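After the structure tokens below, expect a handful of questions from me.
Think of it as A, B and C in the order they're written, each chain with its own count starting at 1.
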Amino acid sequence: MSLLEINNATLKFGGVVAVNDLSFSVEEGEVYAIVGPNGAGKSTAFNLISRFYEPFAGTFRFDGNNLLDLDADQVADLGIARTFQNIELFDHATVLQNLLVGRHRHRKTTLLEEMFFMPRVRREEERHRAAVEEVIDFLDLQPYRNKMIAGLPYGVRKVVELGRALASEPRLLLLDEPASGLSVEETQDMRWWIDDIRKQMGITVLMVEHDMGLVSGVSDRVLALADGAKLAEGTPAEVQADPAVIEAYLGAGAA
Amino acid sequence: MEICQKARKPGVTGQGTVLKERGEDNLEVLQLFVSGLANGCVYGLIALGFVLIYKATEAVNFAQGDFMMVGAFVSLGLTNAGYMDLPFWIAAPLTITIMAVFGYLIDLFVLRHLFGQSQTAVVILTIAMGFVLRFVAGLIWGHEPQTLESPLALGDLHIGGVVLGMADVAIIVVTFLMTWFLYQFFQRTKLGLAMQAASQNQMAAYFMGIPVKRVQGLIWGLSGATAAVAGILFASKGAIDPNAGLLGIKAFAAAVIGGFGSLPGALAGGLIVGVIEPFAARYLAAGYSQIAPYALLLAVLVFRPHGLFSQVRVKKV
Amino acid sequence: MRIHFKTTYNDDIRLFPDRWTFMVYAALLVLAFALPYLIGEFYLGEVTNVLIWAIAGLGLMLLTGQTGQASLGHAAFLAIGCYANTILIEQGVPFIVAFPLAGIITGLVGVLIAIPVLRLHGIYLAIATIALSVLADDIIVLTEPWSGGVSGKFPEMITIFGLEIERWSMPSRFYYLVLVVTIICTLFYRNLLRSPLGRAFAAVRDSEVSATAMGVHIARTKGKAFGLSCMITGWAGALMGYYAGTFNNETFSLVISITLLMMIVIGGLGTIHGAFFGAVVVAFLPQGLSILKDGVFGSGVAIPGLETGVFGVILILFILFEPMGIYGRWLKIRIWFELFPFARKDMFRRQKSYLKTERLR
């Protein structure tokens, strides 16, 4: 059974069909990429998985759980973490605090314990810190640990957002355009990280990306979307060679 | 803590429409309704000011009521015999111009520097502005209630058994015209559409070449002008003093009931609040009647959180 | 291999980041406890007033500064705390039980009110809370049999295990009571900040979508913030009742709500220090102004609205030029001295930013 299984998902915004009868599934341990021209419905597909949007139709299953039974905040508890296309960090908090919010789903202490900062809270905090510190090491974020997000450059913010998702120790990681706006070197780093995330941490990755170099470098399978519907699916090479895909990209480029 | 003067409860405004006790019940109801309508229009006009600014900048001007108060005093200062003694029909457009410029300047010197800060900052800033305006108006025009020597205030209109103050009729007519005009402006003109775009995504609008800051200034000018109209009409109807702007709280209720993003909604909300008041005062026990508009406000917020007249969609990520 | 880091975590998790800070606050605490022996009764009363406002400020700060929800109705919760405390004591509940209970009742009422109200975003919440503040007055009048209505109430003398405390006749005892409550509230606040809930508050404040994606339940978190905020505010309200000696429907007006909000902005949003700095301004501004006014115009000249007017101007200047409040300014001055002479002028320049909207389109 696949880790994530989406069948016949459909969502409309007014007259716009953002996602149109879309089906795909992501296997445990793979990197699965979604590509497509602007407005193809890639982010919308992510938002459906995150339960931000209510689909008109379709089934969404993650590891045997029906996602449609859950609220948006319960999705994280299953072990699904994500980043956002336009970076949604907590701007007036430090990098450390941002990553610690990633630990939210692992919290065990109650309001009363926290008000009195009981020993258990301290122990838990140390545990969270150890986990977060590992992420900081992994992503080379030490220089920024105690800096406010509001003052950080774009590239670092993207990494922090990735770090926050990793801090939650997810099983499935959704990355919405992890390399957009990054320099060539930063994109290269991102590529190593995605590789390591899969190989060392054993986390399944579902990502949306425009940079075909990155996509063919890291992903096992690629799904091409246009106007909310599936155009092609297969290995990066297969999808890039698909006439329908070439047509869609050229069409989008010409328009 | 001595800093607080007691907030004056803005009561039912003006008594332009005289209630006749001898009339039958139907007439009385009609009379209450019309007087409520006129009050409601004033709330509606202030609410229009809120909504204008909210639509275009996503900020809320908590000083809009005080803008109206300043507009009223400016028109009074220009018109009344004790002050400049200009003819009303010259003073009125002059007031509107002055207030438009005033709105623009407030944006230029104050709000523009808040560009990009949180809504809370704007809320607090405009509340503070209200304090300052009230204080300054008190210094200039004093704290005694004064009435505008307005040609609108003269005479009553008798229709059947119902007595309508001229001022009330003027208010109702002008308010509907204003709402229609502003609505058309936002729906039809390029500038109006640009203003909406500017609020929905400042960064995108900026990159699309919409001069976000200038548009914001124009909107503040427009809402200043709206406040001037409200002020002139309000002062024609009854006495004003520097605390008259606290009426703005009811206009909030109106704007919320109407749904904060909708101009016709603001007017409708104003009318609802205006009409409820005299009926509540007439038919409910003393302690309960002042509560009515706020209770309605809370009820709307609980059951239709985004107002009666607006539809809700989700933030795009 | 992580042993080496462990001490570092503790540095962050501890109440005070380093020894020096600890010493400073310890000294401050000693000073606070010695105060009744150092200054006269009048000034002790003023300091008590500052502390009470600071508690109320902490309450609102938790909601507005930490969770990003502006409330313009917190005077209503001051009122609930004050009336609940007084009524409980009149029913024979001892102070030591009634006072904590008053805060808890206020917190519960806050949560009840929060459930519908907190679904609202930004300004809607502000407006709903204004309505609350306006309604509180009328409701107190309507519930005359319990609340005393317009004629008001006089809180009874406090007794804690036989120890009597009264604001006028024994100001230093009352001061100590307020001081202890202040310390407890500050500790609660600080503890929350360094635990998951405090971070969830900040998450909700800065980005609701990504907070949700990280598993934070927005409404529940806001509800907790509202409840805790109201609890602390309720305690402040109870103390205000004792400080004023009498209160009625007009004591906790909308103006108090607004003053409270402005106070925390002037002090510095989102910081504990901010609540205290703001409280100093609010408590001493009226005196300062009246001294100034008497000096300029001679005594006896009344200028209505002067205090609120000046307060408004100060606030506008702060929002425009120092949005981080007095605490922000203080930090900058400190850094400037620490770096002297290497501080650069553009070091504190604000980032260019655009409106971030949570508005549903």
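To be clear about the criterion, a residue touches a chain if its C-beta (ideal position, glycine included) is under 8 Å from a C-beta of that chain, and two chains touch if they have at least 3 such contacts.
What you are looking at is a predicted structure, and each value in this text was computed from that prediction instead of being measured.
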Original post:
Closest chain to the protein CA centroid?
Top reply: C
Subject >> Chain of greatest Cα-centre distance to chain A >> reply: B
**OP:** Measure off the straight-line distance from the CA centroid of chain A to the CA centroid of chain B, and report it in whole Å.
**Re:** 46
Original post:
Whole-Å distance, chain A centre to chain C centre, using C-alpha means?
Top reply: 39
**OP:** Would you mind pulling out the distance in Å between where the CA atoms of chain B average out and where those of chain C do?
**Re:** 32
**OP:** Could you check chain C for residues that touch two or more other chains and list them?
**Re:** 209, 353
**OP:** Name the residues of chain A that each touch 2 or more other chains.
**Re:** 52, 84, 88
**OP:** Spell out, as numbers or ranges, the residues of chain B touching 2 or more other chains.
**Re:** 313-314, 317
**OP:** Provide the residue numbers of chain C that touch chain A in the complex, in ascending order.
**Re:** 2, 5-6, 9-10, 12-13, 188, 191-192, 194-200, 202-203, 205-207, 209-218, 224, 270, 351, 353
**OP:** In the complex, go through chain B and note every residue touching chain C.
**Re:** 1-7, 54, 58, 60, 110, 113-121, 123-125, 127-132, 134-136, 138-139, 143, 200-203, 206, 242, 249, 252-253, 256, 260, 287-288, 290-291, 294-295, 297-298, 301-302, 305-306, 312-317
Subject >> Parts of chain C lying in touch with chain B, wherever the complex brings them together >> reply: 49, 53, 64, 68, 70, 72, 116-117, 119-120, 122-124, 126-128, 130-132, 134-135, 138-139, 141-142, 209, 250, 253-256, 258-259, 261-262, 265, 269, 282-283, 285-286, 303-313, 315-316, 319-320, 323, 352-355, 357-361
Subject >> For the chain A and chain C complex, residues of the former touching the latter >> reply: 50, 52, 71-77, 81-82, 84, 88-93, 96-97, 100-105, 107, 109, 111, 114-117, 121-122, 124-126, 128-130, 133, 150-151, 164, 168
